[in-house]
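See structure below.
Labels A, B, C and D are assigned to the chains in the order they are written; within every chain, residues are numbered from 1.
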Amino acid sequence: MSQSNRVRWGVIGLGWFGEVHADNLAEIPEIELAALCTRRPERLNEIGERLGVNRLYTDYRELLADTEIDVVSITTHINDHRDIAIDALRSGKHVLLEKPMAPTVADCEQIVEVANNAKGFFMVGHICRFDPRVTIAKQAIDEGRIGKIISMHARRNLSKAIGQTVLDDISALMGDGIHDADLMLWFSQANVSTVYAQEVHPGQNKFPDGGWSIARLDNGAVAVVESVWHLPESTPYAIDARLEVIGTEGALYINCGEAGLTIHDAQGVKMPDTMYWPRPFGNYFGVLKEELCYFANCVRNNEVPKRITPAESCAAVAWMEAATESAQTGSVLRF
Amino acid sequence: MSQSNRVRWGVIGLGWFGEVHADNLAEIPEIELAALCTRRPERLNEIGERLGVNRLYTDYRELLADTEIDVVSITTHINDHRDIAIDALRSGKHVLLEKPMAPTVADCEQIVEVANNAKGFFMVGHICRFDPRVTIAKQAIDEGRIGKIISMHARRNLSKAIGQTVLDDISALMGDGIHDADLMLWFSQANVSTVYAQEVHPGQNKFPDGGWSIARLDNGAVAVVESVWHLPESTPYAIDARLEVIGTEGALYINCGEAGLTIHDAQGVKMPDTMYWPRPFGNYFGVLKEELCYFANCVRNNEVPKRITPAESCAAVAWMEAATESAQTGSVLRF
Amino acid sequence: MSQSNRVRWGVIGLGWFGEVHADNLAEIPEIELAALCTRRPERLNEIGERLGVNRLYTDYRELLADTEIDVVSITTHINDHRDIAIDALRSGKHVLLEKPMAPTVADCEQIVEVANNAKGFFMVGHICRFDPRVTIAKQAIDEGRIGKIISMHARRNLSKAIGQTVLDDISALMGDGIHDADLMLWFSQANVSTVYAQEVHPGQNKFPDGGWSIARLDNGAVAVVESVWHLPESTPYAIDARLEVIGTEGALYINCGEAGLTIHDAQGVKMPDTMYWPRPFGNYFGVLKEELCYFANCVRNNEVPKRITPAESCAAVAWMEAATESAQTGSVLRF
Amino acid sequence: MSQSNRVRWGVIGLGWFGEVHADNLAEIPEIELAALCTRRPERLNEIGERLGVNRLYTDYRELLADTEIDVVSITTHINDHRDIAIDALRSGKHVLLEKPMAPTVADCEQIVEVANNAKGFFMVGHICRFDPRVTIAKQAIDEGRIGKIISMHARRNLSKAIGQTVLDDISALMGDGIHDADLMLWFSQANVSTVYAQEVHPGQNKFPDGGWSIARLDNGAVAVVESVWHLPESTPYAIDARLEVIGTEGALYINCGEAGLTIHDAQGVKMPDTMYWPRPFGNYFGVLKEELCYFANCVRNNEVPKRITPAESCAAVAWMEAATESAQTGSVLRF
């Protein structure tokens, strides 16, 4: 850490979300946004200049070799996650890896093995686990308020305008269903027994625009994930994200799509994000910042991150990988 | 019909819902509630007296032989549907049969065959098709406002207090999922290609308290039905019924559970039914009445009921029957 | 009544809402839409032909002289209410008069005096009193479930597109606030003690587009009415109508704007009316029909309509008239 | 500031909310919770010990004399605000004063005068101005997306259980209406022209449990504030807080009461706070933290706080003071 006890952070991958990471990090007092890395020199310089960052790399290995960096965010294309995460862990950095951990369980397991022997901490950024609506729900579940979970449903739908920007890289189920797969396993503390899925592919991109997966969990619960990235232009939702958890003694309902503000103007009806990374008056608020601060705090206090374990992140990938296979083959997969 | 041109109606089966039928019928000016039938003489007399009905039968065959009756509602246990419906149709009555049509497709097909050759009209009471929220949605779909349907989800969940009164007769999927199976096929005008389901059975009754079914339709859409009759005592919902229909050009959302009135009192938070068969000031309002009037009107005008066809009612049973089998075997069923 | 015991009904005034009355009446089996009246011959013939009505009048006095008519709906401009209602009552017809009863309390009192001595029944069509969300709320209040009422708020806001079609005839407060004034007095069974109001007039029409009125009731409650006819084009609400009633032991909330169906399509986000006079598949459903049937039923059974009394309708006008004066003078009015 | 550049903070007043301040401050890395003050030695020691704070004072003047403190939160009874704020400002501390600034405008003006000549910064903690739902709304308004504001309504209602703990100190209007008075003036950038109010007092405490105030603003808008601290025990709302802003070209709606999580369990239906100061897993999240960090950041960067000015805080008190007077006298107050 820096002399002033700030965590020195580098961001590898400066796509849309890498920039959001960088922008958030730059605003957090206890963090020093110290380095950036992308293969595109122009973008690298532009963002570096804007945020006052001097350590700029087009090769992530050089960033990893920089001893003045404590932590890296890996926000690259999912296909690059495995190699960069492994290299970063081997370099001794603390690693915050964007979700999903990797495209396959096989890849995930390689990462986990390296992480288990690494000096630095490793966490996959399942951001929803830092959303207070989710964490308060998790606490209520852990306190037994809704009894034993018997049925869960999660919806996480996006406009096709957004979908089209991502669907050449990842399917809706793998890209967004991963959030809910993770939350459902976290809530239930159960494992997946069987998986079935169906996908729809109305768009022109490489991956399916929408998918549904039903899992049977080993505690007897049914868990259903819906991810459709094909809502119309007029959709008011920044994201239509809801979660229903029914237990033997109670039930709880999370609604992240209707997040407290609706604007009716010449552009129609819109419900902007107020919780994940809103930036009113030019300053970030919300859940992403919470995640980054959590990881920074672990590093500062030398405490292993417990909010999300590598094995949990791997289990979510396993479900979504199986769902993808089920959707392709039409058959039920058993674990 | 009576001299005053009123449709003379008999109700066969006086369980909870048979009584609701009778009570509604008694209030509709163009209908004459003329006969009642149940095997329980005490209940028969009690309801007959209360509603001023003289033609009281403990044997439904006698009611069917009564030439002063034009129409019968069959609101018996589902296992009795086939025989009574067939006898009623053969007797020349117009028949309004409660949903589901029958427990199996085989039974349904027998009914349909008789209905096709019957003098009277035959309709299964898929009540939701008379709900204006649903019918306006159907019109919007037919007008092409949301394009081609790609994904649907329906939830129809009830408290376990209600569930326990019914779960020895029918499962949640067959009992309530049938509504949504019917609506989804109506909306999409498609057929089921494959069916998969999972059920949960946390209660002590004969049938599973909850179920989820995914169908692939032959137009490429995914259709998902959720029916859980295990909400906690504190649930504010009279019924938590929602429907999402996503199309290539739009989306629509029906919410029947949050039906415009919420009362916070010493008993907690409650959202009473305001649409299906509410009875403010002792008079019925709503969708059931609409269904009864629709059928009465068909009879008066001698117009075949087109809102719901026997084949459609049979297709909904086929889906739920397959879902039940899938839930039991764990395998995917193909049509 | 006709030989077939149907109530023979005439509609006086064929503006937009008069036509809605006529269309609804034409669909109700126990009612015979028998006569129509408007000063515009072309419109008279057009609607008469469309609905198969032969008795067509351009002078309402001739309709009133027609002995084959039992009931009249008066759906004219508010300024004509007093004279037509009085003439209709004197002619011996049963009279269903659109709300507000008349522009001033003085006018109302003249009508009430004639009504008190009339052979026919008289009721002002405060349609919300037939809305099950409202009537179930009223029952809950009467049962003491929320204790003694201490605070009420009603919102009834419309798009400016709709507002502009009406604001040369009536203000938002008088036109829509009248509904809530009526409901609040009905709920609380109290009288207005003091009234204060503010209006806004951003539009170009004759009357103010929006108004707020606070009343102190003689049971100690505060009752606040909001009516703004200036929502943007993009508003999803057919009407944004909500009602909050807080009592010493409970509270209840009515939401008529979010009425169970939301459509996202190329036109934006819309929540169509599903309760007042929706017309799916070409047939009316809902609260207006309920009101018409209620009045028809009173006539058929020769029972004085008790749901709404003339004195109550007058009291609502008194409040809105006082609110209008308060908004103009800026002072508080005391009753 | 400390050597490690952390802002050293003291909290004066350790009632319920003072403790929330202290707890939040203790968790923020860039802040050092350095001192605490309350007249109750036992509570002082208990909280000091729990949070590891050594500088403990029973006399706030001693805390103000402590040169190792940069900032103070004043979270005392409102009646003590004026004297402590003035002393704190004179001592050279930066002062974050809880809302409302003081009970009267006269008091506020004295504070403002001292603040204008003070070395330290001064801000009243109108916490809602740090709520992203509010700040994004403010930005939309400033961008002209809803045109010129014509009508506003704010509701901020609490259960009587909470009300009873506060109503001997402050009325609902002054205690909670102050938030909305502030927001409405901020949104509209207008001044109050006239004020009218009604209060209800069903409870046994010193101050009225509920109040409504209508203000006419000098830009022509009507602004209505509702604060009722008398919701039933069963209310699901942690706080029922909503805000409607209608403009000539658009409208926006804030809903802080339905904040994304609903739990149905043996205790009934509850919607916990997820935004203001939720503490999932023992760590604070949300808007209060945002406010504290904002002020800390101003201090660290030596930038005058612009989010809320003393004059604005004074104007909100002026409105609520006038509302209180109007409610007592029954007359309209003009500014």
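Please note the rule applied: contacts are C-beta pairs under 8 Å (C-beta built on N, C-alpha and C of every residue); 3 or more make two chains touch, one makes a residue touch a chain.
Protein identities per chain, from UniProt: A, B, C, D = Inositol 2-dehydrogenase.
Quick caveat, the model's predicted, so the values are computed rather than measured.
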Third chains touching both subunit D and subunit A: B, C
Euclidean distance of C-alpha centroids - subunit B vs subunit C, Å: 34
Where subunit B and subunit D are represented by their mean Cα positions, the distance between them in whole Å: 53
Separation of mean Cα positions, subunit B and subunit A [Å, integer]: 42
Of all residues in subunit A, the ones touching two or more other chains: 146, 231-232, 234-235, 249-251, 264-266
Contact graph of the chains (line, ring, star, complete, other): complete
Contact footprint of subunit B on subunit A as seen in their complex: 146, 148, 150-151, 153, 155, 157, 194, 196, 198-200, 202, 209-210, 212, 214, 216, 220-222, 224, 226, 228, 230-232, 234-235, 244, 246-251, 330-332
Touching residues (chain side subunit B, partner subunit C) in the complex: 4-5, 29-30, 132-133, 135-140, 145-146, 249-256, 258-266, 272, 274-275, 278, 280-281, 285-286, 290, 293, 297, 300, 307
Partner subunit A, residues of subunit C touching it in the complex: 231-236, 264-269
